[in-house]
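In what follows, a single structure is set out as C-alpha cells and then discussed.
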Amino acid sequence: MSGLIDYISRDFSNILSYTIEHIQLVGVALIIAMLIGIPLGIYLTANEDLAETVLQVASIILTIPSIALFGVMIPILSVINQGVGFLPAVIALILYSQLPIIRNTYTAINNVDPNIRDAAKGIGMTTFQRLIKVEIPNGLPLIMAGVRTATVLSIGIGAIAAFIGSGGLGVLINSGISRGNSNMVLTGAIAVSILAIIADQTLKLIQRKFTPKGVQ
Amino acid sequence: SSGDQVTVGAKNFTEQFILAKMTELLLEQEGYEVEMRDNLGSTALRQALENGQVDVTWDYTGTGLVTYNGEDPIADVDEAFARIQEVDGEQGITWTNISEVNNTYTLVMREDQANELGIESISDLSDYVNDNPGEFRMASDAEFANRPDGLPGVYETYGFEFGDAQVIEMNYGLNYDAIGNEEVEVAVGFSTDSRIPELNLINLEDDMDFFPAYSAAVSMTTEIYEEFPEMEEVFQRMADILDSEIMAELNYQVDIEQRNVDEVAEEFLQESGLLE
Amino acid sequence: MIEFDQVTKVYNGDVKAINNIDLTVNDGEFVILLGPSGCGKTTLLRMVNQLETMTEGDIRVQGKSISELNKIEMRRNIGYVIQSNGLFPNMTIEDNMMIVPDLLGWDRVKKRERFNYLSDLVGLAPDEFRNRYPHELSGGQQQRVGVARALAADPPVMLMDEPFGALDPIIRTSIQDEFLKIQREVKKTILFVSHDIDEAVRMGDRIALLRGGEIMQYDTPTNLLNRPSNEFVSEFVGQDRVLKSMSLYTVAHLMDTMNLKAADQTITDTKKVDMHTSLRNVIAMLLNREADQIVATNETGEIAGRLSLGLIEEFLEKEVKTKA
Amino acid sequence: MTRNKAIALAVKIVFWVLIIAFFWWAFTSEAFAKIYESPGTFFNLLSQHLTMVGISAGLAIVIAVPLGIFITRPKFRKSEWLLVNIANLGQTIPSIAILALAMGFLGIGIRAAIVALFIYSLLPILQNTIAGLDSVDPAAKDAAKGMGLTPAQILFKIELPSASYSILAGIRTAVVLNIGTAALAYLIGGGGLGVWIFTGIQLFDPQFLISGAVPVTLLAILVDYMFRGLQFAVVPKGLRLARQAAIKQA
Amino acid sequence: MIEFDQVTKVYNGDVKAINNIDLTVNDGEFVILLGPSGCGKTTLLRMVNQLETMTEGDIRVQGKSISELNKIEMRRNIGYVIQSNGLFPNMTIEDNMMIVPDLLGWDRVKKRERFNYLSDLVGLAPDEFRNRYPHELSGGQQQRVGVARALAADPPVMLMDEPFGALDPIIRTSIQDEFLKIQREVKKTILFVSHDIDEAVRMGDRIALLRGGEIMQYDTPTNLLNRPSNEFVSEFVGQDRVLKSMSLYTVAHLMDTMNLKAADQTITDTKKVDMHTSLRNVIAMLLNREADQIVATNETGEIAGRLSLGLIEEFLEKEVKTKA
C-alpha cells in the first residue's frame, strides 16, 4: 500500500498525462459516437426495417473482441497511413459505443407512451416539435443510460488501445506488467476504474439535471 | 527551429522507453516540440515509421535487417549498420547514430539448473531437448516466438524444436518472472536486461553465431532527416555516451529499483552533462 | 360541421373497424358516439384529425375534405381529448394545458389568464396545480387536465374520447354540468365518445349508437330511448330506458300535457320542486318518499299542483305513443 | 417496396458486401494461412481459449445465479442494494486490469487468467439475475402467495421462468465478453488465440492477426447465436410471445 | 366463518389504513366490502390470508386465529382473486387456472374436467383458450381467468378483490348471475370487494360500507339503501337509492303486504309477470308501457291481480317506514 502511494507520488506527472490522454481518447470517441448514434437511433424509430438491420450489425460489432478489432484496424488504416495511435483507437471506440447509444435512443423514443405521442399529434405538433418537446425529454433517462454504458465500456476498452500506440492509462498497465511493477499495474487499473466511476457519476448528474422533473 | 514538431516512437520494453525519453528531453532542449508514441510492437512501430506516424525511433540493426527486410543476419556490427542503411535508404528510412549498445536476443536459463545439466550453449540446449523431448518449457514474448531472427531461426540453426505446448507466450517482461518462478526452464531475454543477472540467470552461448548484431541506432524517416539534418548531431551526443553496460544499468534502475523512466533518463543525461 | 361520407376503415387488411359510415355533425351540435367496447368509436374519432387513415370514403370538416387540409394546422384547430389522458409527463400541469397556446405563440399574460380560467373550470385550484407534474395527480385530476388542454385554444371543433371515464360519479356530474353550461354559450361542434348511456343521454344533442363499425341508430336521446329502431338498440339502452328518458323530461313538459291534481293543503310535510326539475328526479323523490307530498311550482314560485307516480305514468302514455 | 425497406436493404447489402470483401481479401492474401499451416498450434490455442472460457464462465454461472436468487429473497433484501452497487462498480474495472491484478496474486499462466475471467463474468450474470427476479410482476407473485404456493414453488414455478430471459441475457453478455477478454490472456501467459492476435499486432503480420482475430470473433458470434437459441428454448413461450408483442406495439 | 376482532392496520408507522374494525362473516355468507377508493378494502381482505400483517387485533377463520394456522395450507383453502388479475405470464391459461389443483396433486383427467367446467362457467371456450397465454387475452378475459383460478380447488372460503371490475356490463351481469347461481348451491363464505353499489346490492347478503378504514354501516342491502345510518352512507348509495332497492323486492313481497287490484279482463294487451320478478323490473315495464296492463301471476300461474306505479308507491310507504 505504501509502495503504491510512493509510486503514485513519484510518477504523478506521467500518470496525469496518461490520464489526460485517456480522457481525450474516450472523450473524442464518445462525442462522435453520440453525434452519430443519437440521431441514428431517432431516425431508426421511423424506419423499422433499417432498425433491425442496424441493431443487428451493431450487436455483432460489440461481440468482436476489442483486441481483435484493434488488431484489424492496423492493416486497414495503414492504407491511409494511420495504422497505429489515436485514429484506429477512436474509430474502434466509436464502433463499440454505437450499440448502447443507438439501442437506447431507439428504445427510448419508441417507448414513449403511444398515448402521449398521440396526444402530441392530436394537438397539432409537427414531427420536430414532438421530438424536441415530448419524445426526447421523456426518453432522456434511457438515452443517457445508453451514453453512460458506452462511456464505461469505452474507458475500459481504451486501456486496451494502448497496444496499438494510442497511449492512455493502458500503457501503465502494460508497462507495469512487463516491468513486473505491480504498483504501476495497480495504479493503471485503479485510475481507469476511478475514471469510469467519475464519468458515470458525472453523466448521471447531468442526466438528473436535464431530465424533466415529471419524468424522474 | 523552435516549435518544430517531431514524433518519437518506442517499443514496449523498458530500454525503449528510456531511449525515447532521453531523445525527447534532448530534442526539447533544442526547442523541438516532441510527441511520444510508445508501447508498440517492433513491426507495428516500423509500420508507423513507414506511415509517417512516427518520425524518429531507436531501433536495432539486426531487427531492421532480418525482421523488417528479410535479409540474412550479419554478425559484424559495422557491416550490419552499413547494410541496413543501404537497404532502408531505398525505402525512405534513414539510419544514423549507431551506438555501442548491443541489445541482442539471448536464451537464458537458471544458473543452478544449467550447471546441473551441463548446459552452457544453445547447442547443449539443442542436444538436451532432442534427448528429452517435451521436458523443457520455454517462455517467450510473441515477437521472439515468431520472428525470423527469433525462435524459428534458432530451431533451424540449432536443429531442435520445442513442442507447441512447450512454448508459453506472454507479455515481454513476464518471461523473467516465469523462469524465476521455475514455471519454465528456458526463456528469451534481451542482453541488456538487468533482470538476467538479478535473477541469477545465465545467457546460453550462441555458439553458432545465429543472432545478428542488434546495435541500437536511430532510425528515422528520410523526410524528417532532410528537414532537420541537425538532429543527427543531437542524437550523436547520446550515442557517444551509451553502451551495453550503461544501458543495463539504466534498465536496472527502472526494472529492479522501480524508479521512474523520466527520472532515470533525466538524471543520466544531467550527470553526463547533456542536459542542464 | 363534420361530415362522414361512406367512411370505411380496415385495419391490417382484415379487421373492418368501420363499415361504410355516413354521419353529419352540424355546426354547434354535440354528438355522442355510443356503443360497446370495440365497436369503432375511437377509430371513427381519430380519422377526423387524421391520427388514423381512412380506407375508403371521405371526411369533410367545415366543408373541406380533410385530405386537402394541412394536418398540423387542422389539428391545432380541433381540440382532442385522448381516451387515456395522454398528458406529457415531462411538463408541468400549466405547460401541459398551455401547449397549444404556446405553439400558437400566445404571450405569457394571456396564457396565464387562460390557465387560471380553465383550471377553475375543471375544478382544479390553479395555484395548487400549476407547477405539479402529471404523475403527482390522481387519475381523475389528470383527466380533467386533459379536457382543459383540449379547450385551451378555444377550438371551434372538439373530439373527445371518453373524457370523463376516470372520474368518480360526483365530480363527473359536476364537470358534465360545467361542460354543458359552456356548450350552451359557445356552441362548439363536438364529437364525443362514451359508452355510458346516461352520460350520452345527458350531454348529447344527438347520439350515434354503433355496433361492429356500423351505425345502428343516429337520433336524439329521446328518440333513441323511446323509439329504439331495433333489438340491439333497445337492449343497449337497457330495460329501464324509459326510466332513463325521464331525465330528459322536466316538470314543465308534464305540465304542458297534463293537468296536475291540486295540492293537499292539509299535508304539512310538503316538498316543492321547480319546473326545470327532471322527471327522473321527481320519480326518485317520490320513491324515496322524501316528503308526504311533492308539489310543483310554476315560474313565479306558486304551487301549481301535486306530483305523483300515477300522473307520470299517464304522461308517459300520452307522450310516448309508440310502444317498445 | 417502400423507401424505408429500400434503405434497410441497401444497408444490409453494404454490410454483407463488406464482410464478403473482408473474407475475400483475407483468403486471397492468405491471411488464414497460419491456421492451415500449423493446425496443431491453432487447435492448441483454441483449446486453451475454450478451456479458459468454459471453466471461468461455467463457474461464474454456477455461482452468480444462485447468489442472485439468494440475494433477492426477502430476508436478504437489505444486502441487495449493496451487492447491486458492488456489481455496478465492479463492472467499471477494465478487463485488462482484472487480468493484471489476478496475475499479481496467482502468478503467470492460465490459472490466473481463469480466475480473472471468472470474476469478470460474475458481475453481469449476478446483475441480470437480480434485475430479472426483481422485475417479475409483483401481482403474479402476490397471487401465487395468496394461493398458498410455498416460497420454493413460487421461485421455481413463477419467478425463475419469468426471469429466465433476463438471466440468460446476463449469461450471454458475460460469455461473449469473456471470449473477448480471454484474448487478452496472452498478456499474462494464459495462452489462447490472443497469442496470435498479439503476435500479429506486434509484428504487424496480418496472417497472425487474422488467423487469431477472426476465429475469436466467430467464436463470440457463434456463442452469441447459440445463447439466443437457448433463450428461445428455455424462456417460456408465454413470456417470449409477450415480449414480442410488447416490442411490436412499441 | 371469518371474524375480525378489533383489527387495526398502520402502514409505515403513520398511514392508518384500517382502524379498529370488528366484522363477522358467517358461514356461507356473501359479504361485500364497499367504499370509495383508498378506504382500506384491499387491506382488510389481504389481512385474512396474511398477505398483509395486522398491526393490532385478531382475525379468526373457522374459529381459529390465523396466527395459529399454517400459512401455506390456509391459503390453499382460501380462494383469492387479486385486484389486478396477477396471472402468471409464463403459464398457459390452463396451467394458470389449474395451478392449485396441480399443487394438490390432482390427476390429469380431473384437472382437465375441472378446467373445462370452470372455463365454461366464466364464459371462455375451453379449447379456444387452453393453450393461450395471459397476454393474448383481453383485460376482461384475463380477469375471468383470475376468478376461475381462485375457484379451481373449490375452496370453502373466497376472498375476491374487485373481480369483475374490468368486465363490460353485459358480461359482467352474466358472470354475476352465474356466480350467484353457484353460490346459492354451494354456499361458500365470501368476502368480496367492490366499489360498485349496484353490484354490491345485487350480490351481497350483507354489505360493509367503509370509509377511511372504518365501517360506516354493516347491513343487508335493503337496510343500507333504505335505512342509511348516516349522511355518508346515504350520499354514497345515491339519490335513487330507493329505486335501487326496488331490485331487492319482488312481486311476492308486494303481494304479501298489499292487495292487488283485479285485472281488467277487457284489456287484451296484457303482460304477465311471475312472483319472482323484481319490483325494479316491474317499474321499468310500467314506465316502458310494454303492455296496456301488467298483471302478476301466482305460483300456479293464475292471474293474481294488476300492478301499477301507484300500488308500488303505496307498498313503499308501508314497507319503508323510516324516511331518508
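Each chain gets a letter, A, B, C, D and E, in the order it is written, and its residues are counted from 1.
By definition in this document, contacts are C-beta pairs under 8 Å (C-beta built on N, C-alpha and C of every residue); 3 or more make two chains touch, one makes a residue touch a chain.
What you see is a predicted model, and the numbers here were worked out from it, not measured in a lab.
Engineer: Chains in contact with subunit C and with subunit D: which ones?
Structural biologist: A chain counts here if it touches both subunit C and subunit D, which gives A, E.
Engineer: From subunit A, which chain is the farthest off, judged by mean CA positions?
Structural biologist: Farthest from subunit A by mean C-alpha position: E.
Engineer: Farthest from subunit C by Cα centre, which chain is it? Let me know.
Structural biologist: It is B.
Engineer: By the contact definition above, name the pair with the higher C-beta contact count: A-D or A-C.
Structural biologist: So, comparing the two chain pairs, more contacts are at A-D.
Engineer: I need the rotation angle between the copies subunit C and subunit E from a CA superposition, between 0 and 180°, in steps of 5.
Structural biologist: Best-fit rotation on C-alpha atoms: 175 degrees.
Engineer: As a quick test, compute the distance in whole Å between the mean CA positions of subunit A and subunit E.
Structural biologist: Averaging C-alpha atoms per chain gives centres 58 Å apart.
Engineer: Between subunit A and subunit C, what is the gap in Å from one C-alpha centre to the other?
Structural biologist: 54
Engineer: Could you state the distance in Å from the CA-based centre of subunit A to that of subunit B?
Structural biologist: Once rounded, the distance between the two centres reads 37 Å.
Engineer: Cα centroid separation between subunit B and subunit E, in whole Å?
Structural biologist: Computed value for the inter-centroid distance: 91 Å.
Engineer: Touching at least two other chains at once: which residues of subunit A meet that condition?
Structural biologist: Touching at least two other chains: 74, 83, 163-164, 170, 174, 177.
Engineer: Can you list the subunit C residues in contact with two or more other chains?
Structural biologist: As it turns out, subunit C has no residue touching two or more other chains.
Engineer: Which subunit D residues reach two or more other chains?
Structural biologist: 103, 187-188, 198, 201, 204
Engineer: All pairs of touching chains, please: list them by chain label.
Structural biologist: Pairs satisfying the touch definition: A-B, A-C, A-D, B-D, C-E, D-E.
Engineer: Using the touch rule from the top, collect the residues of subunit A that touch subunit D in their complex.
Structural biologist: 46-50, 52-54, 57, 59-60, 62-72, 74-75, 83, 107, 110-111, 114, 152, 155-157, 159-160, 163-164, 170, 173-174, 176-177, 182, 185-186, 188-190, 192-193, 196-197, 200
Engineer: Taking the complex as given, what residues does subunit D use to touch subunit B?
Structural biologist: 38, 40-41, 44, 103, 107-109, 186-189, 191, 195, 198-199, 201-205, 208
Engineer: In the complex formed with subunit D, which residues of subunit B make contact?
Structural biologist: 12, 40-44, 46-47, 67, 139, 141-143, 145-147, 164-165, 168-171, 174, 177-178, 181, 183
Engineer: Could you please specify the touching residues of subunit D with respect to subunit A in the complex?
Structural biologist: Residue list for subunit D touching subunit A: 4-5, 7-9, 11-12, 15, 89, 91-98, 100-101, 103-104, 176, 179-181, 183-184, 187-188, 194, 197-198, 200-201, 204, 206, 209-210, 212-214, 216-217, 220-221, 224, 249-250.
Engineer: Along subunit D, where are the residues that touch subunit E in the complex?
Structural biologist: For this pair, the touching residues of subunit D are 137, 139-140, 142-150, 153, 157-158, 161-162, 236-239, 241-242, 245.
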